[in-house]
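Both complexes shown next keep subunit A, but they swap its partner, so subunit B is in the first and subunit C is in the second.
Here is the complex of A and B:
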């Protein structure tokens, strides 16, 4: 079982859509995948047209003292999703406090899920550090766009997590130049592939489908497949 | 009912038959109905399937001879049956077992032979032997070598000069042929040397026999013709031998690594000389040169414009490259280069013709050798052509077979490199500035200044190198006449060098360098010998002169092994670079044209009027180049006359000459087919596009105006646009704007274009509005990719001598057919009656029925 997380360098870089696309792509390559929405916005399940999306979820279950593991949905026999649940701002803060108080919650939960899934994909919120404590994670990917804000934030954060560039437009001079610089400075961190700016991603969410299903012939779907292949290769390397 | 049995009106109305024809056919039908019970179910089945059983009547209008055709076809079908695939009778058990064990035996022998070199190099006995030899001192080694050489020489001399009668000669050649066929299966260089040895023995033996036993000293006519043929044969024997020496061990030089510290890398001046070529051609070259991977401050690009054109100067300024021009145009390209070098001071000089687009890794792969060898003056790389040359275009074999230049750049230069004799070819090369200065600049005395410059460099003791990776690509000659004009110039230049600066004389060259240069020059003297070969058999058939004064059977026993061994060995050595027997075709095409300039240049190097003006330009329609083809037609007519004489001699000549007549007519037929191949090449095919498209398989993506992005495969590119193939059908309207994304290494670029063609999954994009920087990026994403020309050979089939021979012969036949198609209309009106008669006769010939979808003779997919 491998766990992977995606978190934006700044808000609004398209992490959740990317996560949905990656989950679909990994499942199409034959893996058993569980998508876990750690973000109070609770939008991951919208990508898969869940009928009951919005109400139930693991955070809702924690607040209502129910079993967290009974809140998952099976989209296909090998692709499952665990939504967050609809919570108010204060309720999210109380979950945040719980997670800060006991950072091993999700580590234990991962252990219990290990036997049934090949991949646990965590969609992390950009703020809320407590929600980011998900236990051991092999690939903690940071998602960025090639713009000045992400450039500055990457310099400030000075971490070592892998970085993936999303919504890349090769027609933009600024994005090309920034990517050149990043390939030099963050050579060990930057993923060898980028996900291009494709209208199909936005349309897919409007259709409430993952992009691999909505537009399998689009470049975005191909990029998601490349990303999934990269993840599989990394898993084999690090094993 | 009457209509059915007597279909007179139907024939008249529907098929518009003549009344008598209709009457005739209708009465036949009525008789059939009367006597054959056509209404029975068996006949009904037959009539339903009559398209299948009588295919030659299927689309034809009814005519008088139809009853006869039907009768013949029915008889044929009754008597013969096509061999059913599924129910083929299996071979008897014992035959199959023998066949299988035979196959096993041969595959084991084959595997043994293939692994033999490796076993030999690993075996202990070999190592001990090599060790023993190393332990000998110099004198003993010399004695050992001398004794081996002496013994070998004695044996070779015996093999060559021992006269044999028929049976002994037959046994001898069969044994040698068997040995050659066995050695062929072994991979590696040493078996190649063995094959060369065998071929040399056989060819020397042939020539010895010719000199000692086949000249008729009694008759002056026989003697004259015989000596002429013998000189031609000696020439080709000499070229064969020198060729073996030249290419027996291709060096396959790998690129040398440069040091990591770029401060140690030398400065390079990249020169692009131009005279009257279009700016659009030079543009790509300059853009690609700007993208060469080399430190910016150590590379200076210069356009050397002999045409002194303003638009070039503006373009150079805009692109940021140097622009050099001069007051006069003395000595053409060499003078241009010499004048420019006075203003430049780079340590190395790279030269590109204006249409040769370099690849980004050009300098990285070539300069390393200059740093490794301080005496190295020249590194040459292949001239690769991205457009078909006239042979490939007119025969439609582009990228399916190696082209004409492939032998030189793939093998001959590589072999030259082994002997340090690789020479300069005028473009796609890097030279050391100090070496050029030492010889006083580029040579200007001859027309092929590049080979002459290299010769002078070698004389002064400089080395040269050849890296056989294609690092630039240019355009091939446009038409056959332009091609021939170019070869005439090279031939004259080489003959001039042979006369004025003979490589066999003078100091400064090693013996092998002399051999390699001499062979390069001798190659261009092949015009006269080739003409002699093409007309030799006519000496006997037309003039009754015994050019080979020997019995026909003996001639066969000597000539055939000579040809067989030569083609086996050449196939082994050259198979990847030229298919067997195509060399004859290329030589025939050029023979007439280079015969005269080379002879004139040999006697008087300064004289000679300038070449045939090249037609050049776009070939707008299919046409037959009568001017160029005239010599071939003359040769063909002569040979056909010879054939007629041969037939006459067969009937009316003396009986003991029949063998000779047959052999001569076989030779004449062979000559006719080779000349036919040359005629086929003269039938020019029209060029459809002006800019040449290069086929490729590159990943790309297109973005539509609505923001949707689709990955695709780039299947061809050219200066003005690309063609891409998508996974889905997009049905884009012509004229819509799309963006094409391509990558170069890790960088991606987006180009704005317009849809010019759209058909199912395929879209053609015209890229006409790119900015200068975008044009540079585009050239660097396509033409100047480091791997752009590396997979050119991937569709080539391996050489098989016999198949290649039959291909050439077949090409000869199609050549004559094409000639017939281009003949003026009045000749066709003359021959049309004969053609029609032939077609009418053939319509009576019965043929097999087409296989039906459900019959047991066809393989059906769905089992009942």
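Here is the complex of A and C:
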């Protein structure tokens, strides 16, 4: 089992939609996938037409003293999703405190899930370090747009996690320039592929589907498939 | 699934995009001339133009000793008249 997480360098870079697309793409390549929504916005399940999940989710279950693992939904036999659940801001902070107090919670949960899945995909929120403590993670990807804000934030964060450029528009001079600069200076950190800007990605959420299902021929869906293939190659290399 | 012939199988430690795409670096290896001095002028020019085109990038330069030493964007009040100027 391999764990992968995605977190935006800043908010609003399209991380959740990309995560839904990646989960769908990995499953289409024959992998057993569990998508885990770590974000209090609880939006990931909307890509899978799961409004009926109502308030339930792993965080809701923790508050209500129920079993977290019973909150997952099977979308296909090999593509499952574990929503966050509907919580008030105060309730999410209470979960945050619990996760900070016991940062091994998700490491233990990962171990209990290992036999059933090839991939655990964690959609991480922006500013909740407790929620980002998911245990061992082979591919902790930071998602960026090629814009000035992400440029400054990447410099300030000075980490070493892999960076993936989302919503890339090759027609933009600024984006071309930033990608050139980033490729030069972040050589090994930057993923060798980008996900192109594509209206199909936005439409997919409005259609309650991941982009690979909504528009399999779209550029974004093809990019998500390339990303999934890259993930499989990285897993093989790092094994 | 058929596997690739051993000769062109990927190395365990995949080379970075720069290494893969850098014909000159590969040529140095092939010719066994690691000390060959070669400057890719057009690539350097392109990079330098990209850095000069956007004033903000000059305020946030990427250097090898990056990290805590990146100055805050505002260390002094912006003077009237300068605000909004291109350079």
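Odds and ends about this structure:
Here is the rule we use: the second predicted complex is superposed on the first by the 236 of 239 C-alpha atoms of A that agree within 3 Å, B and C clash if a C-alpha of one lies under 4 Å from a C-alpha of the other, contacts with A are read in each partner's own complex, and residues count from 1 in each chain.
By definition in this document, a residue touches a chain if its C-beta (ideal position, glycine included) is under 8 Å from a C-beta of that chain, and two chains touch if they have at least 3 such contacts.
Quick caveat, the model's predicted, so the values are computed rather than measured.
In the superposed pair of complexes, A:156 makes contact with subunit C only, with no contact to subunit B.
Of the two partner chains placed by superposition, subunit B and subunit C are both touched by A:180.
In the superposition on chain A, A:112 makes contact with neither subunit B nor subunit C. By the touch criterion defined above, A:88 lies against neither subunit B nor subunit C after alignment on the C-alpha atoms of chain A. Within the superposed three-chain model, A:200 lies in touch with subunit B and out of touch with subunit C [touch as defined at top].
Within subunit A, the residues touching subunit B in one complex and subunit C in the other are 176, 180, 183, 192.
Here subunit B touches subunit A in the complex through residues 701, 706-711, 726-728, 739, 741, 746-750, going by the rule given at the top. Those residues of subunit C whose C-beta lies close enough to touch subunit A in the complex are 10, 12-14, 16-18, 46-47, 50-51, 53-54, 56-57, 60, 62, 66-67, 70, 73. Residues 168-171, 176, 179-180, 183, 192, 196-200, 215, 217-220, 222 of subunit A are the ones that touch subunit B when the two sit in their complex. Subunit A meets subunit C in the complex at residues 148, 151-152, 155-156, 158, 173-174, 176-178, 180-181, 183-185, 187-188, 190, 192, 233, 237.
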